[in-house]
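Okay, got some structures for you below.
What follows is a pair of complexes built around chain A, which joins chain B in one and chain C in the other.
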Partner chain A sequence: MTVETEITRVANYLKFPIKGKLSYTEDNIIQMNINANEKIIGFSSILNYFHNEVQKKDNQHVQDFYQTKQFFDFANLFIRSTSKRDKYAACLELNSYLESRSYLIGQRISLADLVVFYSLNDIMLQLSPLEKESYLNLSRWYSYIQSIETIRQNTKEVNFSTIHLLGWNTAAHV
Partner chain B sequence: MLLYTYPENFRAFKALIAAQFSGVNVQVAPNFVMGETNKTEDFLKKFPLGKVPALETDDGKYLFESNSIAYYLSNAQLRGGSDLEKAQVLQWLSFADSELGPASAAWVFPILGIMQFNKITNERAKQDIVKALETLQARLVNNTFLVGERITLADIVVFCGLLQLFQHVADPEFRKPFFAVSRWFNTILNQPQTKAVVKNFTLCEKEAAFDPKKYQEWQAKFGGAQQQPKKEKKKEEKPAAEKPAKKKEDKIEEPQELDAADEALLLEPKSKDPFDLLPKGTFNFDDFKRVYSNEEESKSIPYFFEKFDKENYSIWFGEYKYPEELTKTFMSCNLIGGMFQRLDKMRKQAFASCCLFGEDNNSTISGVWVWRGQELAFPLSPDWQIDYESYAWKKLDADSEETKKLVTQYFSWAGTDKDGRKFNQGKIFK
Partner chain C sequence: MIIYTNASNPLALKLLIVAKLAKKNVELKIVNLNDTAIGEPRHLPCLELDDGTQFFMTDAAVKFLMHGIEEDDNTRSQWLEWSTTRLAPALAQKMSVGHRVDQNANVALNSLVKLLDDTLKTSSFITGSKISSADIAIWCLLTPNATLEGSHNIENVLRWYKVIENLPEVKESIEIVGPIKNLNFSSLLQCNRFGGLHHVELIPHIAELETKVLAETPSLISETILPAELELAKASFVYESVKLKEEARTILPKANERNILITSALPYVNNVPHLGNIIGCVLSADIFARYSRMSGYNTLFVCGTDEYGTATETKALSENLTCKQICDKYFEIHNSIYRWFGIGFDYFGRTTTKEQTEIVQGLFLDLYNQGLIETQAVEQLLCQKCDRFLADRFVEGTCPHIGCGYEDARGDQCDKCGKLINAIELIRPRCKVCNTSPVVRQSDQLFLNLPKIEPKLREWIETVENEWTNNAKTITKSWLKEGLKTRCITRDLKWGIPVPLKGYESKVFYVWFDAPIGYISITSKYTKDWKEWWQPKDDSKKIELLQFMAKDNVPFHSVMFPSTLIGVNKGHTLVSRIISTEYLNYESGKFSKSRGIGVFGNDAQNTGIESDIWRFYLASIRPEGGQDSCFSWDDLAARNNSELLNNLGNFVNRALMFCEKNFKSTISDITLNSDDVNLLALINREYKGYILSMEKVRYRDAIRHLLGISRHGNLYLQTEQPWVSLKGTDEQKSRAGSVISLACNIACLISKLLFPIMPSTSRKIQSQLNIDVTQITFSPSKPQMSLLLKNGHIIGKPAPIFTKIEQSDIDKFKKKYAGEQNGNKGTKSAETKASKTVEELEKAIEEQGNKIRGLKKNKVEKSVLQPEINILLALKKDLEEKKKQAQ
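Moving on to the complex of A and B:
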């Protein structure tokens, strides 16, 4: 998924009017117009801008606020990394992180869930059923976020049902 | 809408959390006193069962049973989307009531001092809980919630069913294999809607142990309602019901009113052999029965007294209450035989010699019984309750000479009944 699509979907989820505001700088970095004079440049910066807007409305805990930023970096550096090794390390890490959690941060959906969800889409689509199986907790979380229509929008659906069709005992692969 | 309940009632929590999610306005009835308000004529007119939680709607409709109240207060999401999801919600509600409820009570109530501790009951309860948690784990390892991909009433009700366990006995070591259940439990616990209802909850750090002192205190205060055979339950309900009112003074933690279903299940566990509940002593019925069948009474009776374990077994004298109804002796023998047949499942842990004294139209039936446990064994199983009330039962002192004489007489089919009728026939239950 391109960063443009990802930013658009985050904006849609937040009901933030985004149409016509995204463009690219000369050296091909994404930018967003906030008003006639001000632009925010770069994927991370734009996400952080949204995050601040959410924070204004929705006073979350300070701790959660900064942790969300950390997940933006994680998505950027590892999940979107060009190195295959980084990507799989990210999956492994998320899988063990999600063993004891239903959401990435706290006990409800945050922007961290959205951003990691969109960033992971390409990887998840390529996973074999057996691999999805081995990332059991990650698959559970991913399939849950995917079920939320306002987040998923047009994101390509990752199929988890083959796991059940093959009749494997998912719990055995932990 | 008005919800009648005592404080910290996990059954009422289901309704209150559901109402938090749906935004329905429910007030907890002020001034409700357990054991008083719910015994008033006015309350019983609305809720003949006299139990809480109970709901009174604004337009004067009445609901009892916590699941129905919680369902009524739910919104569309909580009830489940498709027909299948609705059925799945119902499935987990039943699961909470039948798989979780009784076992949880059996494990937690002794810890809270409400019931006597019994090692075997305790272990069986743990096994049942493990099984229930495995069922939950299997679902929650692949799914965030119990039904579909959203919080439903199923999550709320099963969560409430686990509250006492996770607070008092399920320590980190016990929870460890059920990481998905713990994950889900924390998620439900930390929803703002849940937090608004369940306050002061802390996850168990170490399994609380049974404290005999706590139990004695509780027994002294509220009487032995739980120890009575279940037929007497109805009358005994009042002392049990008084506890929530008193609990604040002595800080006994949330003794709940035992649900009748829980009690029945506790008294009659799922086991095939109701005697499993009672401690196993050293007396081996099979060995004794073999000696009794193969040897002369002069050997088998001393063997009986040598091996008999009076701590864990008891000797009883049972006498048929209506001898005037006995006519032909063969009919009387059939009466005994029929009783033995109906008590078939008792055989493994019991032995009896029943004798018919006298002749046609003038006879009596009496017998000496031995079984595991110190109480009358028949109430242990509904299968055993057909005949025993027609007999007068007397527990015999295992050490007394009289008992020795009686046992010897009955085991060797000799002598007369107390009115001098001669021994006619005997039957052995083994």
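Moving on to the complex of A and C:
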């Protein structure tokens, strides 16, 4: 999924009008016009802006508020720009992180979940059923986020069924 | 709050300064990535709050620290993002060592710094008139490796840099982190599982390009030279008369000189060494020894074969020879292989000598008299038929670990589940030699009381470990972390050094105890005055002991051997620098002695590729700097053809041929113009880089710098075009002479710097130049090119230095050395696959699944459950493959 699509889907979810606002700098970095005079350059910074806007109404706990932001950077540096070898490292880290958590931050959906979900889509689509099974916590979380229509939008669905083996659904298996 | 970081990480400095600006109380802890204090995702530096929450991404941590102090606005956010996603990766690419450099790094970096300068032109700080955390974030990235040194046209950045440098918070933080010259981007390689930031594309590609304007090409920072550098280059380029070093017949320590004793891990005698062994120890040590001698240090380089122990007995049995015959046979093999590789030991000895016996027994008795030896009863397996105690490798049986049950587990480890095994725990053990079932017998063994020595050992390690490679430090720390335990130093074997103690005459010393002492006994074979190296009495003759090895050998050199010597307490020389490599893999698999996979020393000889090419290639892929590396035939050919043949060889040959054809092989007077001085300054940079890398034993970088010199040379010939000016006026002709003579001088410098890595090639170039410069010392303190070939010097006969390695040969070699490898694998996997059909596998999976569900019902521990789950997963994998095959 391109950064452009990802940011558009996040904006759709938040019901922010975004049409025609995204473009790229001459260095191929994504940018967004906020108004006639101001634009924001960079994937994390655009999400940072969304997140600050949401915070005005939502009032997340301070610590969680900044913890959410670090997943924007993580998605940017370690999920999006990965080589073949690194994709496993990203899955491994998220899988361990999610061992004791239902959501990336706190007890409900935050922008961190959305951003990691979209950024991870390309990698998840490539995993074999066995790999998905070995990243059990990640799969469970991913499958849950995927099931929320307003988040998924047109994102390609990842299949977690391993029915042909033992009748387990990987993501549901504890 | 705590900041966890690995050493030398510039990002940790950023967190520390920001925390100080925010008046937060923080503590800095240096850890490595595997430290259990760090949670997932594992990234360093990591900021831990008092409630245990961890920030693993630094920008978010900075924003958190500055909460309520700075506004979390878009400008700051963009600059923070810019610093970590654009500036840091570009710097990491350019500055860190041991990694291939992205072609775009220079271009990207220059435009980034330019952007920074433009921004600072109109405002005092990056985000406006006040300093912000964005300034700190960017500043910290520009500190290491003197990034800005030698740059010009960035006055605004330099002004801004100075202002921040003088902030009290910055100064305090630097005091905690240590001098900024120690910060480097190589540390990022060990700061996460992704190998740092090298994976980040410097100039990203996007799918849809909407607006794309070509950026203007800025001038390159690295190509700009300071006036001081030019002056120095010019002043240094004078002829110095050749001072020949007199070589003593026997090398002994000299007063007030650097006395360097170099050892390479003793290769075990039972097999032919492979390329990984060669670059890991002997070749790495040899390159350094040659460099050290040329630097004018008083250098002794010893090595030998390690010959005692079980493995020799096994080999002797399998080849039907006596242990002595095996040792003699393999000693010769090792010796000839190293000779072929041009390893210049001052002495290559062996451990089966009477000197070794005397010294080992002497040291043992010293330890015994100090009360450091204890007796403990050990349970061992005795094969009554063979009439001997069975070493771990001599027993096989069923794996005792629950859920494994592998029938051919070895006495030390199970090949199937990978767990360590205590030989007496094997179910149904059998002697590997005669297949009878051994019995358990108690036998008294001698133990070295390491806990008693430990305090002194720790004290000593703290004083020296800074000079060790990172992996050596880490491995040693993990050993010390658990505390040392008494360790068995004897065995019930025949092939070894007898224990000189009543009641223990039938036992011998365990190899780990006697092998390192081999360094001492081998030196004693070399000279009767060996004590001057190993037990120096004279304070003016200080010894630096440098030990080269692969990482598996570290504990013996950092803990065991020093413990013995510290315990003996007779002023023995202890290791100053442990230089340990990671592992070298073969193509994509592992070299394996026992399975015979990969290229071995004798195979290299049979390829017809010269030993110097092997030396060069192995040094340029040396597994250093914390990462394993990989031998690849394609890469070997590519480096030979592009780097040696087209770059270095081409330059030397062009310069010499031109001199021969047009100047009657005579060097002319060199008149330096500003271009020439510029060239010299650039060469001196590479020269300095080469010396620094060699001193740090970073051969990959040293080679990069060396090739940099010939690249500059090629470029010089290309721009000057002496073949054109030769046809012009007299003035132009003499310019052509000057250019060619300078080029020949550069070729001469190259031959000198090449000597440690490729000695015979270096000699070849020197004979073509008609000079011997290997006797001329480097001056590590003064890495500037001087005039080596004077006006009127007559060169020898030029000839091509390297030959092309053809792809057809490479394909042949690949097939030849992988053929056996694949063959082995093929038959093995075919066996296991053939043994089970799809139906059988499905049945097995169902059974295993039921077993797991049963275990879960009973709420067994995870440690018991996990192996079962692993088996299930393995079965499923097999099934999947099987189904794929069937399709």
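In the analysis below, the second predicted complex is superposed on the first by the 163 of 174 C-alpha atoms of A that agree within 3 Å, B and C clash if a C-alpha of one lies under 4 Å from a C-alpha of the other, contacts with A are read in each partner's own complex, and residues count from 1 in each chain.
By our rule, a residue touches a chain if its C-beta (ideal position, glycine included) is under 8 Å from a C-beta of that chain, and two chains touch if they have at least 3 such contacts.
Because the structure is a prediction, the values reported are computed rather than measured.
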After the superposition on A, what does A:28 contact: first (chain B), second (chain C), both or neither? second
Per the contact definition in the header, classify A:12: touching chain B only (first), chain C only (second), both, or neither. neither
Does chain B (first) or chain C (second) touch A:74, or do both, or does neither? second
Per-residue contact with chain A, leading partner among chain C and chain B: C
Which partner does A:49 contact after superposing on A: first (chain B), second (chain C), both, neither? second
Does the superposition put A:107 against chain B (first), chain C (second), both, or neither? first
Based on the superposed arrangement, let me know which partner A:144 touches: chain B (first), chain C (second), both, or neither? first
Which of the two partners, first being chain B and second being chain C, lies in contact with A:134: first, second, both, or neither? second
First (chain B), second (chain C), both or neither: which does A:153 touch? neither
In their shared complex, at which residues does chain C touch chain A? 39-42, 49, 51, 53, 55-57, 59-61, 63-64, 67, 72, 74, 77-78, 81-82, 84-86, 111, 192-194, 197, 199-201, 203-215, 845-846, 849, 873, 876-877, 879-880
What residues of chain B sit close enough to touch chain A in their complex? 137-138, 141-145, 148-150, 179-180, 182-184, 186-187, 190-191
Chain A residues touching chain C - in the complex, by the definition given at the top: 2-4, 23-24, 26-30, 34, 38, 40-45, 48-49, 52, 62-63, 66-67, 69-74, 76-78, 81-83, 86, 89-90, 92-94, 96-97, 128, 130, 133-134, 165-166
Interface residues, chain A side, partner chain B - complex: 99-103, 106-108, 136-137, 139-141, 143-144, 147-148, 163, 170-171, 174
